[in-house]
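Dropping the structures in below, format is C-alpha cells.
Two complexes follow with subunit A in common, the first pairing it with subunit B and the second with subunit C.
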Partner chain A sequence: MSERVAVRKTYKLFIGGKFPRSESGRSYLVQDSNVSLASRKDARDAVVAARAAGKGWAGATAYNRGQILYRVAEMLEGRREQFVALGVPADEVDAATDRWVWYAGWSDKLPQVYGGANPVAGPYFNLSAPEPTGVVAVVAPETPALLGLVSVIAPAIVTGNTVVVAASPTAPLAAVTLAEVLATSDLPGGVVNILTGRLSETVPTLAAHMDVNAIDLTGVTDPELAADLEVKAAENLKRVLRPVAAGHDWSADPGLGRMTALLETKTVWHPKGV
Partner chain B sequence: MFEYAPAPESRSVVDLKPSYGLFIDGKFVDPADGGSFKSINPASEEVLAEIAEGGAQDVDRAVRAARKAYDKVWGPMPGRDRAKYLFRIARIIQERSRELAVLESLDNGKPIKESRDVDLPLVAAHFFYYAGWADKLEYAGFGRRPTSQHSGAYPQPLGVAAQVIPWNFPLLMLAWKIAPALAAGNTVVLKPAETTPLTALLFAEICQQADLPAGVVNIVTGAGETGRALVEHADVDKVAFTGSTDVGRAIARAVAGSRKKLTLELGGKAANIVFDDAPVDQAVEGIVNGIFFNQGHVCCAGSRLLVQESVAEQVLESLKRRMAQLRLGDPLDKNTDIGAINSAAQLSRIRELTEAGAAEGAQQWSPPCELPERGFWFAPTIFTGVTQAHRIAREEIFGPVLSVLTFRTPAEAVEKANNTPYGLSAGIWTEKGSRILWTADRLRAGVVWANTFNKFDPTSPFGGYKESGYGREGGRHGLEAYLNV
Partner chain C sequence: MTATATSARSDLSELGRSETALRTFLHGLPGVDQVGAEQRAAQLGTRSIKTTAKAEAIDLAIRMVDLTTLEGADTPGKVRALAAKALRPDPADPSCPHVGAVCVYPSMVPYVAEVLRGSGVHLASVATSFPSGQAPLEIKLADTRAAVEAGADEIDMVINRGAFLAGRYAEVYDEIVATKEACGSADAGRQGRPRAHLKVILETGELATYDNVRRASWLAMLAGADFIKTSTGKVPVAATLPVTLVMLEAVRDFRAATGRQVGVKPAGGIKTTKDAIKYLVMVNETVGPDWLHPDWFRFGASSLLNDLLMQRTKLTTGVYAGPDYFTLD
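So, the complex of A and B:
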C-alpha cells in the first residue's frame, strides 16, 4: 500500500464571502505555501464588497450581530487544532476565541455605555447613540498572527462596520484560515474581507480610497509609511487609528478604544409638547 | 409690514482699547516682530481696534507658557480646584454678558438678539457644565484603565492643546474649545479668527479677573500662518479645529505621523426635510431659523431644503411670505433678524456661489430688502429649481442662501439628503413619529433635529460624519477629545 497523497490547500483571498484568487493571477511563497498576492484592483474590489455589505450589517439588530460574533467563537474553538498545526500557539488560539466572545457581548451593550439621553436645558427629547462609521481598512499586526488579527477585526465589526483587512504579509495562513471560520459562521459575505500580499501594494490604495471611512494602521511598523498613509487618509478625512507601540501586549484587556474610534455619535432632538 | 422704530442697544457698555497685544502667560504682550492687523465692524467697516499678529516666535512662547503651566500648576491641581476656576469664569461671563454680547455683535455683525439670547447664555452654560466634570473624570465612563497606563488618576489629560476657531460664533467656539480642555486638565493656546478676535481678548481679561493661573489659557491672534505655526508646533499634544473642510484636511495632513490627537468640526450642507404631513407654519419657522440664523454663517445650517413635491408650492409660498418679514440691518438694533456678513471675503464667496446658481439655471428669489450703504450685506435668498448637480446644492455657501429641492418618497428624501460628502446635521419635519425615527436612523449626520432646528446645549454632543470632521464637542463625548482614553 502506498502512502496516501495529501490534498493540499490553496490559500486565496476572501472578498465578498467568496475565496477568489488575486485578479492579477499572482502569488508569493510564504510559510511553505503559495499565497495570493493581492493587487490594487483586489483592494478596490474588497472595498466595493465591504460597502455593499454595510447596509445589511449595520441594519442588523445588535442581538443578531452579537450572536454571529459568538458563532465565530464557536467555529474557531472547533478548529483549534487546525490553527495549532499552522504554528499558532494553543494559548493564542484560546485567547483569540475568548476575544470573540468578549466582543460579541458588546454588540447590545456599547450603545448603552457610550450613548444615552442628554439633559438639555429645555423641553426637548435628546438622545445620543453610536453608529458605525462605515467601511474600515485595517492593517493587521504582524504578530501575533491570530490574536492580533482577531483583536483588530472584532471591535470594528461588532458595532456594524465592515472591514477590508490587509493580513500579516509574513504569516498570512492564519488569516486565510480565519476567513474559513468566518465563512462558516453566518457572517454575511463582505462584512470581513481579507487581502494577503504586500502592504505596500494594497494599503496605500485603501488609505487613499474615497469610499473608505476609517483606517486602522495598527500593523504598520514603518513610521514613515504610517505618516504617508495618514496623509493619504486626510483626503476624505478618514478616521485614523495610529500604529500601536512595539511590544504591545495583545493579551491585555482591550478596553473600549478600538470600538469607539470607529463609531460616529448621532444626536437626535425633538421638542416635547402637547 | 409694521414699521419699527430703531431700538439700538448702547455700545457704551464696551470699553474698546485702540490696540491689543497677545495674551501669553497671563499677560498681554507685544508680538516679537511687531506685526498687527485691524479688526473692523462688518456693519459699518469702521476700524474697532488694532490687533497683534502672532508669528512663529510668539506661538512658541505661548506653547512654552502652556507647557510650564501644565507641568507646574494645572496638571497637578486637584480637579475640584480646576472646577472652581471654571465656575468662576462661568459666573464672570454671566455678570459681563451684556458687554460681551455687544462686543460680539460689533466685531462679528450678528444681531444683538442672537449674541444676547443664544451665544452668551450658551457660553456661560458651557463653562458651567464642564466645570462640574473637572473633579468627576473617573466617572465619565471611558472604561477601565488600560493595563499599560501609568499609575495615578485616570483618565489623564493630554497636555497642551492647540485650538483654532472660526469667526461665526467667536466666543461660543472659544467656550466649546477651552471649557472641556481645562476641565480635563489640559492647558491651551487658542487662536481666534482674524476677523473676530475681540471677544477672545476680553475673555483673556476675564481669565485675569478670575485669577486663573498664568499660562493655563493663552490667546494668540493672527491669521492662517499663525494657526499653521500653532498646529505644527512640536510641543503640542492635541489639536482642535473648527472651520472649513479644506483647512481641516490640511491640518489632518500636518499632524500625520505625530502624537497629536486631532478633532475637527468642519463644513456642512445639511438637508432640512419637509414631509407632506408637516405643520407648514412650524416647518417654515424651522426653515427660516435653519438657514437665516446668524446670516447662514453656521456649519450646521439647513442649507438644502428638501420638500415633498405635493406640498412644495404651499411651503414655498409660506416661506416667501415669512422671508418678507425678516428685518435686515444694524446688528445692534434689538429688532434685527439678519445682521451683516462677517467680511468682504465671505460676501464675495456668497456672491460667487449665488451667481453660479443663477448661471446653472436655478431661479433666485429675495424679498424686497434694502441693504445699508456701508458694510457687508446680503439679502435672504432662496433658489428653486435646484438639481443635485448644481454647485449651490453641493458646496457650502455659508450665507443666507437656501437651495430648494423636491422629493416624492421618503427613500428619495434620504437618498438626496445623504448625497453629499458632508454629514454634520439634518432636519426632519413630519407629524408621524415612526417616520421621524425611520428617517433619523438613515441620515448620515451627527445631529438630527426633528420638528426643530439649530438647537444647542452643552450636554448634547455635536459633530459630524464623513467630511464634516471627527470627534464630538459637548457632553461627556466632548471630554474624550481632551483625555488620553
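So, the complex of A and C:
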C-alpha cells in the first residue's frame, strides 16, 4: 500500500463569510504554511462586505446577537486542540472562550447600563440608547495571538458593528482558524472579515477609506505609523482607538471601554401627554 | 463569428412591404453560435483597464449614462432632483461630465424638461405602454406623441413581443414605423425642432434565444430605429454581455449593408464600474471607436452612476469613497 499524501492547508482570507485567496494571488510563509497576502483591493472588498452585513447585524435583536456570540464560544471550545497544535497555550484558548461568553452576555445588558432615561426640565420622556458606529477597522495585536484577537473582535461586534480585522502578520494562523470557527457558528457572513498580510498594505487603505466609521489601532506598535493612520482617519472623522503605549494586559478584566468606544448615542424626546 | 452576408440582397427598404419578405429575410440571417458568443463575451470581460485608461473609461461611461427612474412612486420632486444630478453628477468636482440623458415616464417629462432645457443633457421618455407594450396601437401612438409634445427628444419604445414571438413580424415592423412617425409629429407646430430619436427596446429577456435577438435587432433597424435597447429593466433577465454582443454585431453588419449607423443601449442590471468597462471594451472590440460616443452607445442605469462617481473619486483623491457622500437617487 502506498503512503498517504499529506493534505496541506492554505490559510486564506475571510471576507463576506467566504474564504477567498487574495485578489493579488500572493501568499507568504508562516510556520511552514502558505498564508494569503492581502492587497488593498482585498481591504476594499472586505469593507464592502462589512457594510452589506451591517444593516442585518445591527438590526438583529440583542438577544439574537448574544446567542450567536455564545455559539462562537461553543465552537471555539470544540476546536481547542487545533489551536493548541498551532502553538496557542491551552489556558489562552480557555481564556479566549471565556471572553466570548463574557461579551456575549453583554449584548442585551449594555444598552441598559450605557443608555437610559434622562431627567429633563419639561414634559418629555427623554431616552438615550446606544447604537453601533458601523464598520470598524481593527488592527489586531500580535500577542497573545488568540486572546488578543478575540478581545478586539468580540466587543466591536456584540453591539452591532461589523469589522474588518487586519490580523497580525506574524500570527495569522490563529486568526484564520478563528475565522473557521466564526464561519461555522451562525454569524452572518461579512460581520467579521479577516485580512492576513502586511499591515503597511491594508491598514492605511482602511484608515483612509470613507466608508469606514471607526478604526481600532490596538495592534499598531510603531508610534509614527499610528500617528499617520490617525491623520488619515481624520478625513471623515472616524472614531479612533489609540494603541496603549505601555502595552495591554489582556488577562485583566476588560471592562466596558472597548464596547462603549464604538457606539453612538441616539437620544429621543417623547412628549409625556397630559 | 462572421459578418452577415447581405451583399446579395438588393434593397432592404423593400422588405417591410410584405410579411413573407420579412420572414424570409429574418429567418435567412445566420444563426448565433451561442457557446461562441458567451465565450467571446466572457473573454472580453477579462481585460484589465487601469489608471489613465480607466479614468477615461469612467468619464466616457458617465457621459453615456441614461439616468433612469421608472417607478410608480416617481414624483415631480424626485425627477427634478434626478435631473439636477444628471446636470452635475458630482457637485464637489466641476470637471465631472454630465450624463447622456434622463429617462422617465411620459407624465414626468415636463418637470424634467424645465431643469434640462439648454443643458445638452437629452430627455428620454419611455412610451408605447411601457413596459409590456400590450395596448392598442392608437394608445401607444398617443403615448408617444404626448411625450414628444411635453419635451422629450428621445423615445424609448417597447416592441410587441407577443406579436414577435408569434411570428407576426409585419405587425411589429408597422408599429415601429408608426411610432417613428409619431416621434416627428411635433414638427408641424415647432419649426426647427428635430424629430425625437427612437430607441427600440427588444426586451431580450423575453426573446429566449440569441437568434431571436439578432432577428429582432434587424427588424427594428429595418423599421427605422435610431437605437436598439436590450431591456425594460422590468423583467428578471436584463442586459447581459452576450446579448449586447449579438446586438453590436447586428448594428455593425447593418451599417455595412446600408450605410446607416444605429446606436446600442444595454439597460438593466449594470450596477458597477467594472461591468460598465466590460461593455466599453466589447464596444471597442466589436464595432470599433465609431460607437464609443454617447450618441451611439448608452447605459440604461440608475445605481451605476453612483458607483462610477465613487470610482472616479477614488482615482482623483486616492482614497476609497463611500456611498454616504453621494445622493441616493
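The rule is simple: the second predicted complex is superposed on the first by the 268 of 274 C-alpha atoms of A that agree within 3 Å, B and C clash if a C-alpha of one lies under 4 Å from a C-alpha of the other, contacts with A are read in each partner's own complex, and residues count from 1 in each chain.
Just so we're on the same page, contacts are C-beta pairs under 8 Å (C-beta built on N, C-alpha and C of every residue); 3 or more make two chains touch, one makes a residue touch a chain.
If you're wondering where the values come from, they're calculated on a predicted model, not measured in any experiment.
Trainee: Once chain A of both complexes is superposed, is A:205 in touch with subunit B (first), subunit C (second), both, or neither?
Mentor: In the superposition, A:205 contacts subunit C only.
Trainee: Give one of first, second, both or neither to describe whether A:235 is in contact with subunit B, with subunit C, with both, or with none.
Mentor: In the superposed model, A:235 contacts both subunit B and subunit C.
Trainee: Taking the superposition as given, does A:109 touch the first partner, subunit B, the second, subunit C, both, or neither?
Mentor: neither
Trainee: According to the stated criteria, A:9 is in contact with first (subunit B), second (subunit C), both, or neither; which is it?
Mentor: neither
Trainee: For A:119, decide between first (touching subunit B), second (touching subunit C), both and neither.
Mentor: The answer is first: A:119 touches subunit B but not subunit C.
Trainee: According to the stated criteria, A:44 is in contact with first (subunit B), second (subunit C), both, or neither; which is it?
Mentor: After superposing on A, A:44 lies in contact with subunit C but is clear of subunit B.
Trainee: Common interface residues of subunit A with subunit B and subunit C?
Mentor: Dual-contact residues (subunit A): 235-236.
Trainee: Help me check something: in the complex, which residues belonging to subunit B touch subunit A?
Mentor: 125, 141-144, 146-148, 245, 248-249, 252-253, 256-257, 264, 266, 421, 423, 436, 440, 443-452, 455, 457, 459-463, 465-467, 469-470, 472, 475, 477, 480, 485
Trainee: State the interface residues of subunit A toward subunit B in the complex, per the touch definition above.
Mentor: Those in contact with subunit B are residues 113-114, 118-122, 124, 126, 128, 133, 213, 223-224, 226-228, 230-231, 233-237, 239, 248-249, 252-253, 255-257, 260, 264-271.
Trainee: Could you list, by residue number, the parts of subunit A that touch subunit C in their complex?
Mentor: Its residues touching subunit C are 44, 47, 51, 205, 208-212, 232, 235-236.
Trainee: Subunit A touches which residues of subunit C in the complex?
Mentor: The touching residues are 318-325.
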